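So that we are looking at the same thing, I have put the structure below in structure tokens.
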Amino acid sequence: MKMFVCIKYVPDTSEAEVKVNPDGVTVDSARFSFDINDADNYAVEESVLIKEAKEGDITVVSIGPKQSDVMIRMAMAKGCDQAVRIEDDRIATHDPLMVAKVLAGAIKGQEFDLVLTGCMASDDGHMSTGVALAEELGVSHASMVKKVELLDGKVRAHRELEGGLLEVVELELPAVLTIQTGINEPRYAPIRGIRLAQKKELKVVNLDELGVDPAVVGLDASKVVLEQLYIPEVESSAEFIEGEAEEKAEKLASILVKGGLV
Amino acid sequence: MSTESQTFTEKYDLLGCIQCGRCTGGCPVTVRADLNVRRFVYDAYHEEKLEELARLAEIWDCTACHTCAVRCPKGLKPLEVLLGLRTMIIESGKVEPTVRDALQSVLLEGNPWEKSRAARSDWMEGLDVKIAEPGVPVENLFFVCCTIAYDPRVQSVAKNIVGLLNKAGIDYAFLDESETCCGSEVFTLGEEGLFEMLVEDNTELLNEYTAKRIVCLSPHCFTTYKTRYPDLKAEVIHYTQLLEELLREGKLVWKGDLQKKIVFHDPCYLGKQGDVYDEPRALLKSIPGVNLVEFERRRERSLCCEGGGGKMWVESESKKERLAETRIKDAKALEADIVAVACPFCVLTLEDAMKGLGYEEEMRVAEIMELLGEFVEA
Amino acid sequence: MGNILVLAEHRQGALRDISYEMMAIAPGLAQDMGGEVTVLLIGSGMDELAKKMAAFGSKVLVVDDPLFEDFNADKYQKVLSALIDDLKPAVVMTGHTAQGVDFIPALAVEKNLPLVAEVVSLEYADGTLKATRQLYSGKVNATVAFKPADTYLVTIREGVVEPPDASADGAVEKVESPLKDDLPYRSFVEYIEAEVGDVDITQSDILVAVGRGLKEDKNLPLIEELAKAIKADIAGSRAATDAGWIPHDRQVGTSGKSVKPKLYIAMGISGAFQHVAGMKGAKTVVAINKDPEAPIFTVADYAIVDDMFKVVPKLTEKLKELKG
């Protein structure tokens, strides 16, 4: 099994206050902690599990800054064999279609059986990159995969639909699978493993070195413009529901129903 | 330190064991879990058995309280055999997600609580805190601890001491958000590689500050720096030792009094491992009005609260009474109003047990620094 | 012409809510763009579903062929691709669902068309289509403008609007399938229902969590009834799992599980740091606790300071009533 796994270095904004920079199109990330995107972490684990079961070779592909090397080394400590990190600020990263073209540039021309990605990035959440990548590579795909079974020349993917229903599909290899969280239990990358992984190859390239024309993946090439980021007007602190106990219960019930929360 | 160069037997001096059983006999966890540390020391001598031993669930029950080490007539540290077995699991990567996430957070953010490094000194907001600068000599360099820095329940330990230090006019400084986990729990969870890295990095960081003493707010950091960082230049003390000095020098000015019966719970990392028993008691006794009483199991024999040994991230399978509950019941029997501790983990575990037993109305768990914050002028 | 093509989504013989919801968004936008809405249904034996969609008043196109017995991303892509060539819609709109996300990005690449995914609202002004979507799990909104193109692709987030009334009588028109033969590289095998009783709280959409405030396990049926009413799973704080009220594998917190439901209702949970760390990924948090100082309120979106035993029965009753 020759595999590629595409991963992204994302901020954890679950607790941090998010502020939009004066440029209006980026956020102040100085106080964020960064880590591998959650779903991508499961994709890495799945690739390593496949390698352990079937033998194979895994290449990590990531677009990101130098700081993300630690994430890549962790993936290599878990069992990935080599990595390509693309660092180039000419990429229109707000558009998943452009990102997919760059990732495809790192994979095209090489033999592979499977490309795994996370099904969604926790920062911009388009859920589009993996499926677009499959089209760029001209191979079949399945998204939101909760279980992978390898058959002879085929892969059986269990896709997670709304309401917990699984849709089982069979794809011809090679294929792209976008992996849903919960498919496995990602392992820990011990420091000694990370140190050993320093010996594995991590190639850092820009678009020119990758052989991707910057004009094809840049802001001008993208057909969408990120115009403005802003903080939505939401209750930043709790809304205290007042009244007698029963009244509070009734008010809460209608908030939950009207808000489409239940 | 590494397993590559030494065999398990050599590393933990297993041949030195005379199988007297004092370790297991004193182990507080035995009442709760199926852990027989003597047996592990015996079995670990057979190298071929190690993998099998490492897979036993009870290796995660050890709280690293060090009772076994204190009691061993041969001066061995039986618990470290369990930690060595944990290392084997950690290095396979297949650990509980809670442990995985805590360790990874230490690597990426310098704390096990999955908090951003940038938020580490948020507790200082609104306080007049002196921040250390490399190369500028300072008498007392404070080390806050990840739990005190981030957990709002125990942040008061750090906040209160700042007011007190400013009032006493002593030479001190705190680290900014560059402060990084001491690795106490990293070590006891068995992540040796990460611990070695922390020792290297923290030694370099802390030695950059020309400090006479490093004052730790948590006994876990205190013991770890004191015993596992051979190249630290500064002397390492616990804050109760510094405050006891201030008390003797008359630098603590009392306001009001506390007409309460207080029982002091010796944290394992402060007492058994740090040999600090008298200073916290002296501080408590000096609060006007306090009636300090003692547990039957105290000082070297103090009962563990089960907060150490990485247990904040590993749940025991045992359904039996938590040791912290036993401890709170003992305090209740003594009719204590306050269970005083000097460790953030003890606060969390004992308070949890107190609430679980429904004693919230009549009893309180308090860090000594919380009480001093209420009764010392700042 | 600013026509909008809405792909109605269905599964196992029933239309999905998103199909109705898009009918609350598409007509207004079509009006602003000077065009009309056309609904597209792809499937096999679509008569009844087509009638339902026609009730929104727009024309319904039906590609009805045994080839489309089950959803297949590749086949859908082929049909849409051909229909875009034929109909030249200004906008193609699908749900941001397991179906929509499975083929729209590939279609965008194939046809070299712009895509904005998981849109919560759309606006057309001065010749420009702009979409609003959310980043950082809803903490930031983004306005994304489309550069001029023949066709814009959008996927709409579920549950952002109420479906409109459906009492009109639109036309239903069958179109021949642009796809004649089965495609070789992807095939549907089967649906597998989620196993019941085998709950993984890290995957739950709605969690009702109880803590020490539950007091004893005989109070558990109260919680179970609430959970049943809103199809939630039950979780607990360490105190609740310790007490044996809730199974250990449903413990939320640093020594338990990290959960990320859409809705987390914490009842009788004070919200210690170690618990909150395990539920910080929840989208909306409701906290019910009688202690007004309980730290859980600092992470809650909706808060009730009261005795959970007084609030929960009424809450369950009212929820059942409202949800019919």
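Letters A, B and C mark the chains as written, and numbering starts fresh at 1 in each.
The rule is short, and it goes like this: a contact is a pair of C-beta atoms (placed from the backbone, for glycine too) under 8 Å apart; a residue touches a chain by one contact, two chains touch by 3 or more.
Keep in mind it's a predicted model, so treat the numbers as computed, not measured.
The busiest chain interface, judged by C-beta pairs in contact, is A-C. The most distant chain from subunit B, with centres taken as the mean of CA atoms, is C.
Taking the mean of each chain's C-alpha atoms, the chain whose centre lies closest to the overall C-alpha mean is A. Computed centre separation for the pair subunit B/subunit C is 46 angstrom, with centres defined by C-alpha atoms. Once the centre of each chain is set as its mean CA position, subunit A and subunit C turn out to be 20 Å apart.
Centre-to-centre spacing of subunit A and subunit B amounts to 38 Å, using the average Cα coordinate of each chain.
Counting only residues that touch two or more partner chains, subunit A has 15.
Counting partners per residue, subunit C has no residue that reaches two or more other chains.
Among all residues of subunit B, those that touch two or more other chains are 97, 114.
Only residues 212, 238-239, 242-244, 248, 251, 254-258, 270, 272-274, 277, 295 of subunit C touch subunit B when the two sit together in their complex. On the side of subunit C, the complex with subunit A involves touching residues 11, 16, 71-74, 96-99, 101-110, 113-118, 130, 134-147, 149, 158-160, 184-194, 200, 202-203, 206, 230-232, 262-263, 280-281, 284, 286-287, 297-298, 300-307, 310-315, 317-319, 321-323.
Subunit B meets subunit C in the complex at residues 97-98, 101-102, 113-114, 150-153, 311-315, 317, 319, 322, 348, 352, 355-356. The touching residues of subunit A, when paired with subunit B in their complex, are 12, 15-16, 30-35, 70, 74, 77-78, 185-195.
Put simply, subunit A touches subunit C in their complex at residues 11, 13-15, 18, 20, 27, 94, 96-97, 100, 119, 122-132, 134-136, 140-144, 156, 158-172, 181-182, 222-232, 234-235, 237-241, 245-246, 248-250, 252-257, 259-262.
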